[in-house]
Structures are given as C-alpha cells and as structure tokens.
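Order of writing sets the labels: A, B, C, D, E and F. Residues in every chain begin at 1.
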Amino acid sequence: MSTQVPTENLESDPRVKAVFDDIRSTRKTDFINNMWLWLAFDPALLERTWTEVKEVIGKPSSIDPLTKEMIYIAVSVANNCSYCVHSHTAAARAKGMTEEQYGELLAIIGLAGKTNQLATALQVPVDDAFDASATVRRTAAEGS
Amino acid sequence: MSTQVPTENLESDPRVKAVFDDIRSTRKTDFINNMWLWLAFDPALLERTWTEVKEVIGKPSSIDPLTKEMIYIAVSVANNCSYCVHSHTAAARAKGMTEEQYGELLAIIGLAGKTNQLATALQVPVDDAFDASATVRRTAAEGS
Amino acid sequence: MSTQVPTENLESDPRVKAVFDDIRSTRKTDFINNMWLWLAFDPALLERTWTEVKEVIGKPSSIDPLTKEMIYIAVSVANNCSYCVHSHTAAARAKGMTEEQYGELLAIIGLAGKTNQLATALQVPVDDAFDASATVRRTAAEGS
Amino acid sequence: MSTQVPTENLESDPRVKAVFDDIRSTRKTDFINNMWLWLAFDPALLERTWTEVKEVIGKPSSIDPLTKEMIYIAVSVANNCSYCVHSHTAAARAKGMTEEQYGELLAIIGLAGKTNQLATALQVPVDDAFDASATVRRTAAEGS
Amino acid sequence: MSTQVPTENLESDPRVKAVFDDIRSTRKTDFINNMWLWLAFDPALLERTWTEVKEVIGKPSSIDPLTKEMIYIAVSVANNCSYCVHSHTAAARAKGMTEEQYGELLAIIGLAGKTNQLATALQVPVDDAFDASATVRRTAAEGS
Amino acid sequence: MSTQVPTENLESDPRVKAVFDDIRSTRKTDFINNMWLWLAFDPALLERTWTEVKEVIGKPSSIDPLTKEMIYIAVSVANNCSYCVHSHTAAARAKGMTEEQYGELLAIIGLAGKTNQLATALQVPVDDAFDASATVRRTAAEGS
C-alpha cells in the first residue's frame, strides 16, 4: 500500500527524464528502483534528492563504498524505514558484503540499540573526556 | 541530571570489581567512563553488557575497528542517544577518524535521515529486486 | 496482520454505538475507518480518543483544517506510523491538498529529517537567542 | 533551556487554578511538577491532559500502580523523553520500585532495544501464529 | 518481504541445533518462531541473543512474567517494531493478559506517547525533585 | 556539550565565508546561529544544507512561511531533536505564531503521538479507502 502512485508516462516530463537518464548511466543499468518512481511527481524534489545521493554515496571519498552502505543500513534500521533497510541491504550485498560481515553489522546495530536505551534510561551524564569543547578548554588552560 | 547515582564504593562488590578490572586491562587505561559506573548498581546487567561490548566491538573481525565505531555513531544518532553519540564519536577519533571522514559520515547520516522520511511518507513499496525471499523464489523457478 | 480483531457486533455495546453514531454524523458519512473498529474493544479508550480527535482536529480554530492534517502527516512520518501516514494523507487530500503542496510538504519533512540528524550528531548547543527563559532573564536585566 | 516559560501568576486563570487544585488534592501534596506549569499557558490542553492522566494512571484498575509506572518508564525511554524518564522513574520509586526491580526493568528495556533492532534489520516476517486475524480465520475454518 | 532467508537445513549447524533444542525444551513446544530462524545464519549472534532472552525474560525474578511481556510490548510499540509487537502481544496473552488489561496497557502507551511529545515540544526542564543526584546532594547538605 | 567545536577563524575559508554572507543577506541580520557554525568544518556539507534550506523553506511557495515552520517543529518534536525544536519554535514566533496557535500545534502533536502509538500497538490494517494504488485499481475497474 502506498500514499501515492506514479503516473504512467513519468518520463514525458523532461526534468524527470533527465534524472532517470542520469540514474541509468551512473549505475549502468536500466533498472530504476521504486524510490525514484515515487519521487517523480515532484521534479524539484527528485532532482535535489538524486543530486545529493550521487554526491554523498556515489563519489570516491575517504570512506569506501561498502562501508557507506553499512552505515546507511544502520541509520535505516534505527529509523525503522522498511524500504530503506531492504534497498541498502541489497546494495551492500551488491558491493560485496559477506554473510560474516552482515552478521557482525547486525550484532553492532543490536548492541547499540541496547546500550542506547540503557544510557537513555539512566540518563547517564556525558563524561568530560568525551566533550569536544572541554578538550578545547583544557588545552587552552594547559597552554597558559 | 540523572535517574540514578553510583554509590561511593562500587568496587567493594567483587563482581563489579572484576568487570572494572577487565575494562582497565582490556583498554589499557585507568579511566572508567560513566556508562559502566551507572550500570554497576546491577552487577548482572553490568556483566552481560560488558561481555557483549567486548565480544562485538573489541574482538578482531571482518569489520575494522574504526568502521565499527562509525556504525555505532550512526545508530546512536538515529536513536538520539546523546551519551552514546558523545562516547562513540570520541572513540572513533581515538581510533583514527579524520575530520574528512567525520564530515562524510555526517553527510551519509543526514542524507539517510532525509530519504528515510521520504520513503516513509510515500510508503514506497519495496522492489521485488530487494526482497531476499523473492530471489530464492526466482532461483527456484528458473531451476525448474 | 494485526494483534487484535474487532468482534462482529461491535455496536451491540451502547457506548461503542454512541461513538460510531457521532463519527457518522460529525463526518456526514457511513464510513467508519479501521482505527475506530480496532479501538472499540475498550469503550473507554474509544470514547477518550474520539473526544480528543473531535476537539483538537474537528473544531474551528486558529489553525485551518488543511494545515492541521499536514502537521498530523508530519508527526506520523517522523513517528513512522504507517496507518497514520495513510489515513492523514487521504484526509489532507479530501481537505484540498494539491500535488504541489504535497511535494512541498515532503520536501520539508525530508529536510527536517536531515537537519535533525545533523544537529543530533554534532550535539549543537542551543543558541541563547532561542531560549525562551533566557529572553525572560534578558528582559528582566534590561528592565532593572 | 525551554521553548516557553510559565507566566508568573498562572493561577489567576480560574481554569488553571481548578486543575492545580485538583492535582494538589489528588496527590495530597503542594508540589506541582514542571509539566503542569509548562502546559498552563493553554488551559484546554492542560485540562485534557490532566483528565487523561488521572483517569489512566490514577484510577484503581486491573494493572497495579507500580506496574503502570514501569510501563510508562519503558515507553519514555524508547521515545527518548528525558523529562518523562526522570519524572516516571521518581514516581515508580515513590510507589515502591526496588533497586532489584529497577535493574530488571532496565535489562528488559535494553534487551527489547536490541531484539527490536534485529527484527527490523532482518525484516523478519510475522509468524502466522502471532496474527490475531489468522486465529479467527483458523477457528472459522475448523468450525466449518 | 525480508532482507534474508533462512537456509533449508539450519540445524545441520551444531551450534544452531543446540540453541533450537534449548528453545524447544525451555518452552516445552516444537514451535520455533521466525526470529530464531532468521538469526540462525550467524550462530554467535543467535546464541548471545537467546542466552540473554532466557536470562532476562525466562528466569523467575522480582518482576512477574506477564508484567515483563507488557513492558516488552510497550518498548516495541514505542520503537515501532512490528514483528516484536506481534510476538510479545501473543506472548502476553499466552501468559494470561486479559482484554481489560490489554485495553489499559494501550491507554498507558497512548497517553505516554502524548505526554512524551508534549514534554519534548516544550522542552520542559526536569524538576530538581526528580534528579537522583540532587537527592544525594540535598541529603549530604542536610547531614552536614 | 558538543562532539565538535567550531574553529576560531571559520570565515578564512572562502566557501564558508560565501555561505555565511548569503545567510546574512538572505535573513537581513548579522546573527549566524550555531547550526551553521557547527557545520562549517565541512564546507561541502555546509553548502548543500544551506542551499536546501534556502530552497525548501526560504522560497515563496504554495505553503505559507508560518505553516512551514509549524510543520518543521512537528517533525523535530517527533524526531526528538532539541536544537531543532528550539530554533524552529523561535522562527515560528518570529513569523507571527500566536500563543493560541502554539497551544493548538502542541495539541495536534500530542494527539498524533497518542494515536500513532495506538495504531502501532494494534497494528491496525490500512483501509482500502486510504490506499492510493487501490484508488487507481478501482478507477480502472470502473472504467472497463
């Protein structure tokens, strides 16, 4: 079930067609996944979202592509976005995630879910050692 | 502010002392961060939690230590656990996270926050291509 | 799938019948959506919930009816309630939400999802200018 | 820091005064906690909220008062509401929660945080045995 | 839909078989619910999770079994884990939860959802009376 | 406390200076709120975020400026982002939100928090009438 359905001739809109063409050439496949079909009713939203995905996830950078997808899965699980969990788990596998790595990823996500709730339940105060501004103040004090 | 305060002589309980000693020797430091002080009122909870952290985060495995901390940060942000965001950001830096990597990590977390909410708002249906059980069914059908 | 199923003759309970009658006359339709059928097993919970919906959403007030539904969608997306996203998107359309407004609503929700996670990740401190109690203190100081 | 500050003479509004008087007499104390002071700027919201708290939490019922507070803590932790975690932990202690029970409550909340995220990460399908409507269908089929 | 499918001969792995045997004998039933089938691809994760569930939920303790399940439902609803809501609602019913208790549980969860969001919206400051460390400071001051 | 501190001469980076200059001229004020100071360590992230805020929130459009801020508040409360709740409540007031409107906004957010959790707890199935794709199917069937 969905709150919106894509119209039949999405690519009759030239802005939509341009994004879809870019998705196909960037990913070297004809497959356009539902997320982009569903966003196409608002071409500006589609453009902005694809541009950001291409820049943040697609560009070579200091974090390798598989790690990026595992981070994306982690956020999607914690935010409880079913579509996103499915799509990024598939993407991580396509980028080489092994079953062993997947099991470890889940172990980290599960453990974080547990310790997050314990820290929240106890309202544990942040240690000074973890506060970046305290570090600055300490350094300043030591420097004087 | 906190819902609980650690008692003064936590380590007079031998189970607490054993965990704290293990934290100190595993991490090669005398510093025990607040999370463990706050959990110490229930020694069984303290033991189970530390054992799991040591096994999931501490052991050499198929995901490198820095990546583990970045995944932990991602979950903690999405779960909105202030203590956890602070402690794991500090841990990631201690394990070598650069400012460039930190900026990229935030870009991924922010983008995931955005696309997660868009997918949820539109209730985008999961593509068959992303469904692991569909893959099994397809393979079975092709095999027949 | 559901954790509960409505019994067959819900309206044989006079308290349930009274609420359903009020829903039908208030909304000028015979259609009772599932939310109310599912709550009917506990008549007190049904009454309290309907009374609050009628008062908060149904009454003429300083926020117009369409804006109310768009705010409701926003909360439902952020809380990730699938039923609620569906029912309030339908309600917003019934109250005149255009496709253009819907696209803009999603853009705001998506952007808020992104900046929310960035502010949480960085633990950005609240500016004094945004603190209502600071305003009071400043005014008091200036007045003296 | 707060987004709103209570005015000085809150009880000059007779609707506010009536609610505060009822809080004082119901709880047999002069202490009005901040939640009610902060809601008082909108008397209708204050009245509806206090009426619901009194009915759901205050009335004798099939769930005992301490259990109610522990359930309230659990929801507040999972929703990450700092004020609520503090106030209901204090309330649970006032109603007799022991340190042993508190430790166990945290263990359940932490475990649920973990298994919740694992079930979400794997998108585990709900067993038919847990579906209330399936039970109805099975019963109907067996009856025929 | 799921991100993972259990392999056909899960119990050919002796570690998986040992956990499944323990589930069957602990629960006195042959029924293994999906959660365990889905975790079995990573035997270490399966073992750790089952061990914790058995210790936290299964052992006799200061919180009775039905209350534990109701707390688990509350966390699962607030975390929005559909599988968990289904499985723990079924478990609570199996442990004797009446329709009356279920209605009251929902009333508490719904009310907490409301007051949680109000406290967050207003950023209500925590009363000193609810701060455990303040209590310690007050006691120390009075003692001197 | 914060996980990061802005460096002293942020505007010595020309990309940062360009964004800050644009913020000042767009908003006609010298005040740069913390969010932008904290994002400045990663100029690309700063640029992308400001560009999106300017386009989604700043441009004249089919949703009026005050309604946009109220929607932003609603998302920020549900996502529990303290910084965001503070900054957008201040922005809504600057755009003319009255106390009456603020009270009603809170009433909607609180009610949505409650009904969201009830719908999730009961796993209420979405009515066909709320499913956009069902509408399409119905229309197609009627057309034939």
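In this text, a residue touches a chain if its C-beta (ideal position, glycine included) is under 8 Å from a C-beta of that chain, and two chains touch if they have at least 3 such contacts.
Note that the coordinates shown come from a computational prediction; the quantities given were computed from them, not determined experimentally.
Annotation of chain E and chain F: jointly contacted by A, B, C, D, touch as defined at the top. Distance between Cα centroids is largest for the pairing of chain F with E.
For A-D, the equivalent interface among the listed pairs E-F, C-F or B-F is E-F, as over half of the contact pairs agree by residue number. Each chain's centre was taken as the mean of its CA atoms, and the one lying most distant from chain C is B.
Centre-to-centre spacing of chain B and chain C amounts to 32 Å, using the average Cα coordinate of each chain. Once the centre of each chain is set as its mean CA position, chain C and chain E turn out to be 27 Å apart.
Note: centroid distance chain A to chain B, computed from Cα atoms, is 16 Å. Within chain E, contacts with two or more other chains are made by residues 1-4, 44-45, 48-49, 52, 75, 77-82, 85-86, 89-90, 100, 104, 106-107, 109-118, 120-123, 126, 130-132. Every residue of chain D that touches chain E in the complex is listed here, in rising order: 1-4, 31, 33-35, 38-39, 45, 49, 52-53, 56-57, 61-63, 67-68, 70-72, 74-79, 81-84, 86-87, 89-90, 98, 100-101, 104-105, 107-109, 111-127, 129-132. Remark: chain A residues 80, 82, 85-86, 89-90, 99-100, 102-104, 106-107, 110, 117 touch chain E in the complex. On chain D, the positions that touch chain A within their shared complex are 73, 77-78, 80, 82, 85-86, 106, 109-118, 120-123.
Touching chain E in their complex are the following residues of chain C: 1, 3-4, 41-42, 44-45, 48-49, 75, 79-81.
The part of chain E that touches chain B in the complex is made up of residues 1-5, 44, 48, 52, 55, 126, 130-136.
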